[in-house]
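Just below sit the structures, each encoded as structure tokens.
What follows is subunit A paired twice: with subunit B in the first complex and subunit C in the second.
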Partner chain A sequence: MANTYTAIATVTVGSGGAANIEFTSIPATYTDLVVRLSARCSFAGITGNLAIEFNSSSASFSRRTARGNGSAASSTSGSDNYIGDIVGNDATGSTFSNNEIYISNYTGSGNKSYSIDLVTENNATEAWQYLVAGLWSNSAAITSIKLLPFSQSWTFNQYSTATLYGIKNS
Partner chain B sequence: MPATYEPIATVNVTNVTTTTFNSLGSYTDIIVVAGGLTRGTANSVFMRFNSDTGSNYSYTQLVGNGSTASSSRSSNQTGIMVAAGTTGLSSTPTMFICQIQNFSNANTYKTILSRDTDSNGATEAFVGLWRNTNAITSITVYTGGDFTGGTLSLYGIKAA
Partner chain C sequence: MPTKLVVDCSTGVTTEVELTAEEIAQREADAQAAAQAKAEEEAAAAAKQAEKEAIAARLGLSAEELSTLLS
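And now, the complex of A and B:
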């Protein structure tokens, strides 16, 4: 039986930082996609806001988000491509966020659902955990994925890495 | 490196209320992925093992519905909820990913983790317990009403 969890590509941010992390030319030969991201950004705060784009589009996204910071839990919704926060410049040094994005049936003819688990850490009172339910209301197959700032200006720090995996169900 | 994440089976659940996987293979953990799920009515999705319909299951859920976050607990249930009730229209398909750890261990009760994703309803996380030490030999996924579309895929993970 075939191994089905296959690494498609990895991006590692170099010393100059990067405005975004992008996977292009994603083959249509899998059932689901998974992005695993370890990242830190230059935003002057504990965390920076992260967004996702499919096929270079930031339109037709919606989401439900639950988050907890160690003292309280809350939930928000939005018609946007915000997917949670990653560690920012004011968090404990050498600390990177951990993020998994699962996109089911990415070549299907219907709208695309995605699930996100995300944590930031920090050797202080504030750190965050996110659960995100996302939808891209577009019938096109996903051929590219971009991770970038959401309504902020920052860059991914050196040593941030992301790997795209493909999962086949047969 | 040995293959460790392998597809076991996939079924289309259109017009189906109950799906049972009987051949689980020789793995350490099992992953159940539901993709593109649509439902005509807001029925939750549950899981049970080895056809045990007794009140031997419990689960805890964490829910964010877009305005509030909450948590609840259900004990002595006849199945573990793995996805909460939602209409799951064709325009807003839902998905869930359920992990069943160490499913063939004959010494421990069995635990699961599930993540339910419904951008039109809520984002949810479930933890569940089946109070039985038997190895899991079958997995049944069921809901109170037919799915109108979607697939259930089963994957096996081998420890080294």
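And now, the complex of A and C:
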């Protein structure tokens, strides 16, 4: 069986928290990339807003988002790098979000599309699920990925974990 | 001082690095700008919802009836 799904690197946040998580020097030897994130943040709310940067750039992003929280559903769009939510400090203790970020053809010379699905966890009525379709309008190969707060100031809590996988099409 | 975790995928080494003053300033500026953009987005969504409800009211429909009609 072809080895098509390879863990490139994993990081777990320590006791001091982390303002952001960056994967740098990403090898160009795969077809697609996937980031799997299990995260919780210090934001005083049920969830905190998460952003992504490619090659340290927050420009030229656009996205469409569909989301629901158990009682209502909505859709939004924006010219920004907002990629959904992670669990915040007001959610049930020791719960974490489950986010998957799929980035297609990250070394190609065209614009880079990405898709995201996520759920937040909370032992109460409000918990969220998101689907995001995004585009980074840039021809450069992606060599670094940063996960950071969007529109808020918080840190990733201890035990938040991110793993970067490389996907090969053969 | 806030720190960031940097994973060098070529070596697998993770480094905890303090944010520079410039990065902190950028973080705060980004947060302010993005908060404004999000507020505008939410205001637009609220205006759209209000417009829907106003139309429903002109038609003599309750919010529940409108929701049923659109579902």
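Observations
The rule is short, and it goes like this: the second predicted complex is superposed on the first by the 169 of 170 C-alpha atoms of A that agree within 3 Å, B and C clash if a C-alpha of one lies under 4 Å from a C-alpha of the other, contacts with A are read in each partner's own complex, and residues count from 1 in each chain.
Definition applied: contacts are C-beta pairs under 8 Å (C-beta built on N, C-alpha and C of every residue); 3 or more make two chains touch, one makes a residue touch a chain.
All figures in this text were calculated on a predicted structure; none of them were measured in a lab.
Using the contact criterion defined above for the overlaid structures, shared-chain residue A:Gln158 touches neither subunit B nor subunit C, since it reaches no partner. Legend: residue contacts after superposition of the two complexes on their common chain; A:Phe150 is shown touching subunit C, with no touch to subunit B. Contacts of A:Thr76 after superposition on the shared chain: both subunit B and subunit C are touched. By the touch criterion stated above, A:Asn105 is placed in contact with subunit B alone, subunit C being left untouched.
By the touch criterion defined above, A:Ile8 lies against subunit C but remains apart from subunit B after alignment on the C-alpha atoms of chain A. Of the two partner chains placed around the shared chain by superposition, subunit B is the only one that A:Gly68 touches, whereas subunit C remains out of contact. After overlaying the two complexes on the shared chain, residue contacts for A:Gly16 are found with subunit C alone; subunit B is out of touch.
Shared contact residues of subunit A with subunit B and subunit C: 74, 76.
Residues of subunit B that touch subunit A in their complex: 3-7, 10, 33-36, 62-71, 90-95, 97, 115-125, 151, 153, 155. Contact residues on subunit A toward subunit C in their complex (touch as defined above): 8-11, 13-14, 16-27, 49, 51, 58, 74, 76, 78, 80, 82, 148-153, 155, 164. Subunit A meets subunit B in the complex at residues 1-5, 31-32, 62-68, 73-77, 102, 104-105, 108, 110-111, 113-115, 117, 131-135, 137, 167-170. The touching residues of subunit C, when paired with subunit A in their complex, are 2-12, 14, 16, 19, 27-28, 30-31, 34-35, 37-38, 41, 45.
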